[in-house]
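Sharing a structure with you now.
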Amino acid sequence: MLNIGILGCGRIGQVHASSVSHVDGARVAAVADAFPAAASALAEKTGARVMSTDEIIASPDIDAVVIGTPTDTHFDLIDKSAKVGKAIFCEKPVDMSADRIRQLITIVEATGVPFLTGFNRRFDPGFATMRARIAAGEVGDVELVTILSRDPSPPPVSYIKSSGGLFRDMMIHDFDMARFLLGEEVVQVYATGSALVDPAIGEAGDVDTAVAVLTTASGRICQISNSRRATYGYDQRAEVHGSLGLIKANNVPENNVEIASGNGFRSAPAQHFFLERYAGAYVAEMIHFVECAASGMAPSPGIRDGLAAQMIADAAAMSLETGVPVRLG
Amino acid sequence: MLNIGILGCGRIGQVHASSVSHVDGARVAAVADAFPAAASALAEKTGARVMSTDEIIASPDIDAVVIGTPTDTHFDLIDKSAKVGKAIFCEKPVDMSADRIRQLITIVEATGVPFLTGFNRRFDPGFATMRARIAAGEVGDVELVTILSRDPSPPPVSYIKSSGGLFRDMMIHDFDMARFLLGEEVVQVYATGSALVDPAIGEAGDVDTAVAVLTTASGRICQISNSRRATYGYDQRAEVHGSLGLIKANNVPENNVEIASGNGFRSAPAQHFFLERYAGAYVAEMIHFVECAASGMAPSPGIRDGLAAQMIADAAAMSLETGVPVRLG
Amino acid sequence: MLNIGILGCGRIGQVHASSVSHVDGARVAAVADAFPAAASALAEKTGARVMSTDEIIASPDIDAVVIGTPTDTHFDLIDKSAKVGKAIFCEKPVDMSADRIRQLITIVEATGVPFLTGFNRRFDPGFATMRARIAAGEVGDVELVTILSRDPSPPPVSYIKSSGGLFRDMMIHDFDMARFLLGEEVVQVYATGSALVDPAIGEAGDVDTAVAVLTTASGRICQISNSRRATYGYDQRAEVHGSLGLIKANNVPENNVEIASGNGFRSAPAQHFFLERYAGAYVAEMIHFVECAASGMAPSPGIRDGLAAQMIADAAAMSLETGVPVRLG
Amino acid sequence: MLNIGILGCGRIGQVHASSVSHVDGARVAAVADAFPAAASALAEKTGARVMSTDEIIASPDIDAVVIGTPTDTHFDLIDKSAKVGKAIFCEKPVDMSADRIRQLITIVEATGVPFLTGFNRRFDPGFATMRARIAAGEVGDVELVTILSRDPSPPPVSYIKSSGGLFRDMMIHDFDMARFLLGEEVVQVYATGSALVDPAIGEAGDVDTAVAVLTTASGRICQISNSRRATYGYDQRAEVHGSLGLIKANNVPENNVEIASGNGFRSAPAQHFFLERYAGAYVAEMIHFVECAASGMAPSPGIRDGLAAQMIADAAAMSLETGVPVRLG
C-alpha cells in the first residue's frame, strides 16, 4: 500500500485525493494545507490525517507527495521531498523560472526519485489514444499539428497579474501537448495575441486571445490557438496530419442527446471545464504515478518535460513582446 | 442518341426531363401533357417538340417513354408503349391494382421491352452504397432492417382521399427499400397506424403515422415507420444489422455549417424534400434507364418489383384493417 | 448517514456498492452473499461488515437494502425487508410472475417503505435528458418512439434457459423505457422474433433477434428492436418524434478520436457493455435512492413500474407464441 | 438573354460553361481556345459558336466574357474586354503582379464594367452561410479565424515552378476567405513552411506544407494551414470564434453512409477535389455574375478583392523568405 501525502488541499489537491480512491494499492495517508479548515475537510472525506507539510515530508510512513500548493512554494517542497526520497507528483508549472527548474532537475536526478509533472492532458483518453496511434505509425510521418484550447471564461484579473501571462499559465499545456504529438523538439516559436475578451486583461499587460506557430528541425509545424472565452463549453481539440492521414481528438459533449426542429439539429455543449473533461485523465495520471512510485520507474511526463514546456512558453512570451520569431536552445 | 418522349409534364415529368440533360447519349425529343401550357413550358426548356401522347407512342423516332401521368392512365400507356416496342420508365405505383400489374407483366414480358419502375430511392448514393456493401458481404448475413421515412408535411386531404392510403402512397417506397435491403422476399406483414398529425386524415379513412413489421422465410425482420410530419426536413434513413455489423444511411443536411453557443451545437436541418434529397438519385436513375434502353438490358427495379411492393402495401393495408398480421403469396 | 446493506455481492452488487461511495450521506454498512468469499471481497473494498441476509434485515442499524440476489429470492427478501421498514432498492425483474409482484405491491404499499425498481437506464444522462425535455414540451405531443437495444454478444444458453426469455430478460428494459418516453400507458403489444445469432438459442425455445410494436389508447406507437449481437459495442439508442420535432439519444463512443485515410473517417466503437455505458446511470440511480430513503419520498421507478414492464413482457411473449397482437389490462 | 463568351476551354472554362446551363437568362454564345479541338468540343456540348478571343471581344452580340486562360494572358484580355464594355468574370489570380492589377483596377473602374474575381469558395453554401450568419451578428464580434485547406495530392513539379509558389497559387484562396470572414483588413502576415510532401517541391524553391498568421488593426487573428496532401479527400474547413460563440464549416462527405464493426464506425472520405466540393459554388458564382452583368451591379468579390488577396500572398512569400512578419499597406 502506497501512502500518499497531499500537499495543498485546494481544488486540484481534492481532485488528486479523489483520484487516489480509484487506484488499487494506494491511499491518501495525510493531508496538509495552510488553511486548517481545507485540510480538515479533505481529511474527513478521505480518512487521512491532517499534518503540516514539514511533518508529511519528514514522516517515514509517507511514500509519495502530491504537490498542489501555490507555484512559488514548489521549489522548496520538491527540494525537501526529493532529498528524503519521496516520489513526487508536482502540478504544473514546476516553477516560473526555467533556471530554477534546471536546479531542481539536478536535485531530482541526483536523488533518483520518481517525479511526475502534472500535465494531465497527456492522460486524457482522446489525446493518449492519438499519441499511441501516431506512435504505431497509423498516420505516417507527422507533418502538421493543430491544437486549440479555450477556457469557458477568463479568470479574475488579479489572478492574471500573478499568472506569468497566458503563455506560461494557459498555453503551457498546449506546448506540452505539441511536444507530445510532434514527436520532435521545437526549435522556434512565433506568437502573437490580443486582449479581445476583456480590456482589463490588456491593461494588466496580458493577452486573452493568442496563437503560436512552433517549428521543429525537420520542418514539422504546430499551430496553437488559445482564448479565455468559449460560450459552448471547454474547447479542447487537437489534430495531427501525417503522410498517411489525419487523426484528431474532438470535444466530449455533456450528453449524447440531439434535438431537431425547424431550426435544425441541436446537440449538447462540450463538457463545461477541466474538472469534467479531464476527470478520467486525472485518474489515469494517478494510476501512472502510483505505478511509478511503487516500482521506481520514471514517470512520463517527468521534470525535464516541465522544463521544456516552460522554455517554449518563455520564448512565446518573448516573441509576443518583440514581434519576431524566437529560437530555442 | 436515344430519343425520349416525356408523357406528363408535371413536377415529376420536369424532374426526369432535367435529368436527361445530364445524361450523355440521350435527349428529350418530345413532350406531352393534358394541359398544353405545361407541355409548352417544358418543350421550351428542353428544346423538345410538343406532341400528344398518342403521337409520341406512334412516332418511330421516339425510342423510349417516361410516364409521369396520373396513376389511372398508366395501364393504357404502358400497354400501348410496350406493344410498339418502346423502352418504358414508369413512375410508381405502376397501378393501384395488383391484378392489373400482373396483366401488364404479361404484356411487357411478351414484348421484351426494357421497363423501369420509378423507385428512385434505390439510386440514392447512400442507399445504393448500402446495398452494394451488403451485397459485398461487409455486414455479413442480414438480420434486422430499420427504415424510417417522414415527409415534411401532409398533402392536402383531397390528395389523401385518392391516394390509396398511406401504405400504397407513401410506405410503398419503404416496402421496395425493404426488399432492396433484406435480400429475401417478405412473407408476412403486420401494420398499425394512427391519425395524429391531422384529424382530417383520420376522417378521410387514412392514417398519417404508421409502422410495419415485415418478416422473411428465414426469419429476417424489417421495421418501417412513416409519418406525414417532420419539422426538421425530409427524414429518410435506413439501417441494416448483419452478423458482422451495422450499415446505415443518414440524412443529408442542407449545409455543412455548425454553430455553437451556450445552447450547444446546432447544425442544419435535413434537405427539405424529395426534389433536393433525391436530385442525384433521379439523375442516376435516368442514367440507368438510358443505358438499359440503349442496350436492351433489363432495368432494375423492373415491373415485377413494382408488383411486389404493391402486394406488400395491400397486405399492410389489410393488416391495419384487421388488426392481425397478413401472410403474402 | 444512511447505512446500506448489500444483499448479493455479485457483479451488480459490486456496482451498487461502488456507487454508494460517490454518494454523500450514505455508506455500505454490511454485505451478504451465499458465497462467503464474494462477501469478504466486497467487505474489504468498502469497509463494510459481512453479515447474513437475515442479520442485515434484522439489524436496526441498517436503514436500507440493495437486493442484487437471484430473481427467485426477491420475493422473500422484499417481503421481509418491507415488514421491518427498510427502504428497498431491488434489481429488475422484481419477480418473474406478475401475480407475485401484485402481492408484493400490497405488502410494500402497506408498509409505506421507499421502493426503487432497478431500471437503471432511466438515470442515464441521455435518456433522463430526453425525458426531461419531452416533459418540458420541447418536442410537443409524442407520436412515435423508437427504441433499440443490442447486447455485444449472447449470454450462455444455460442462462437463456432460466432467463424467462428475451422479452422478460432483455426487452423488459425497453418496455420500461417505452413507458418512460411515451407518457401514456401501453394497451396493446405485437412482437415477433427469430433465432439468427445462435441456433442453440432457438433450440432452447427462445429468440435472439426480436421486435415489438406497442400502442397506446390515443394511438401513440412505439417500435422496439433487440438483438443479442452487436459487433461495434453495446447499442443503446432511443428516438422520440413529437408534433414539434425529434429528440434522440445516441450511443456513447469509447473515446472521442477520429482517424482519416483513403478509407474514410473512422471513430471508436460504442462503449462495450452496460458497466461502461451505464456507470453514470448507476451513480445517479443510487443518489436518487439515497435521497428517497433518507426523506421517505417515493422513488421512481417504483414497484408498480416493475409490474407494468413485466406485464408488457408477458404480453410480448404471448404475442410471439400466438402470432397476433395481445391487449393489456 | 445574356450572351456569354468563354475565353479558354480547359477544365475551368468547361466548369463555367456547364454552370451557365443552370442559369436562367444566360447562354454560352461563343467559345475560344488556343487549341481548336478544345474549343470545338465545348462548342458541341453547349451549342455555342467557335470564335477567336479577338472576335469574341469585338462581337457586339457578346455581353460578357469568362476568362479562364493562362494567368499571363489575363491582363491583355481584361484590358480589351473592359474597353469595349463587356462584363468580365476572371479566374483568380487576376495577375501575378500586384502593380499590374492596380493598372487594371484603373482601367476597369474607368469603364465601369461589372468585374468578378473568381474566388469561388465565397459561393460555397457552407462558407456563404457562415459569412451571412457572422454578418447577422450570430457569433458576436469576430476574434479568431482558423482556415484549413489541403489538396488531395501535389500538382506536377513543372506546374509548381510556374505557379508563383504555394502562397500565390494555393493559399491565395484562403487569404480571400480570411478577408471574407474576418470583417476587417489584414495588416500583418507571418508565414512559414516546409517541403514535407515531396522533396522535389523543395528543390523547386517552394513549400508544400505551410501556415500563416494574419492580424488586423483591432487585434483579430487568423490562422491558415495548407498542405499539398490529404489522403481522405479535399480538406476545406473554416471556423470563426466570436464573442458569442463559434461557427464552422465542415467538409462534405462523399456519401452519408456509416458502417460499424469491431473496428468502430467508418464514414466516407471528404468529396475528392474542387470539382465535386465546389460544384454548387460554381453555379452560385455564375448566377451572381449573370445577375450583375444583366443589371450593371458591381459583383463581389470584385477586382479590388483580387488585389487584396494578391498583396497578402506577396507578404506571406516575403515572410517565408525573411523569417519575420511583414506589414501590409
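A, B, C and D are the chain letters, set down in written order, and residue numbers restart from 1 in every chain.
Convention: a contact is a pair of C-beta atoms (placed from the backbone, for glycine too) under 8 Å apart; a residue touches a chain by one contact, two chains touch by 3 or more.
Quick caveat, the model's predicted, so the values are computed rather than measured.
Engineer: Among all other chains, pick the one whose mean CA position is farthest from the mean CA position of chain D.
Structural biologist: Farthest from chain D by mean C-alpha position: C.
Engineer: If you tally the C-beta contacts, which comes out ahead, A-B or B-C?
Structural biologist: Higher C-beta contact count between the two pairs: B-C.
Engineer: Using CA atom averages as chain centres, what separation in Å is found between chain A and chain B?
Structural biologist: 57
Engineer: Roughly how far is chain B from chain C, centre to centre by C-alpha average, rounded to an integer in Å?
Structural biologist: 41
Engineer: So which stretches of chain D touch two or more other chains?
Structural biologist: Residues 231-232, 244-246, 254, 260-262.
Engineer: Going by the contact rule at the top, pick out the chain C residues touching chain A in the complex.
Structural biologist: For chain C paired with chain A, touching residues are 21, 125-126, 129-130, 133, 138-139, 244-252, 254-262.
Engineer: Per the contact definition, I'd like the list of chain C residues that touch chain B in the complex.
Structural biologist: 141, 143-144, 146, 148, 150, 190, 192-197, 209-211, 213, 215, 218-221, 223, 225, 227, 229-232, 235, 241, 243-246, 323-325
Engineer: Per the contact definition, I'd like the list of chain B residues that touch chain A in the complex.
Structural biologist: 231-232, 253-254, 260-269
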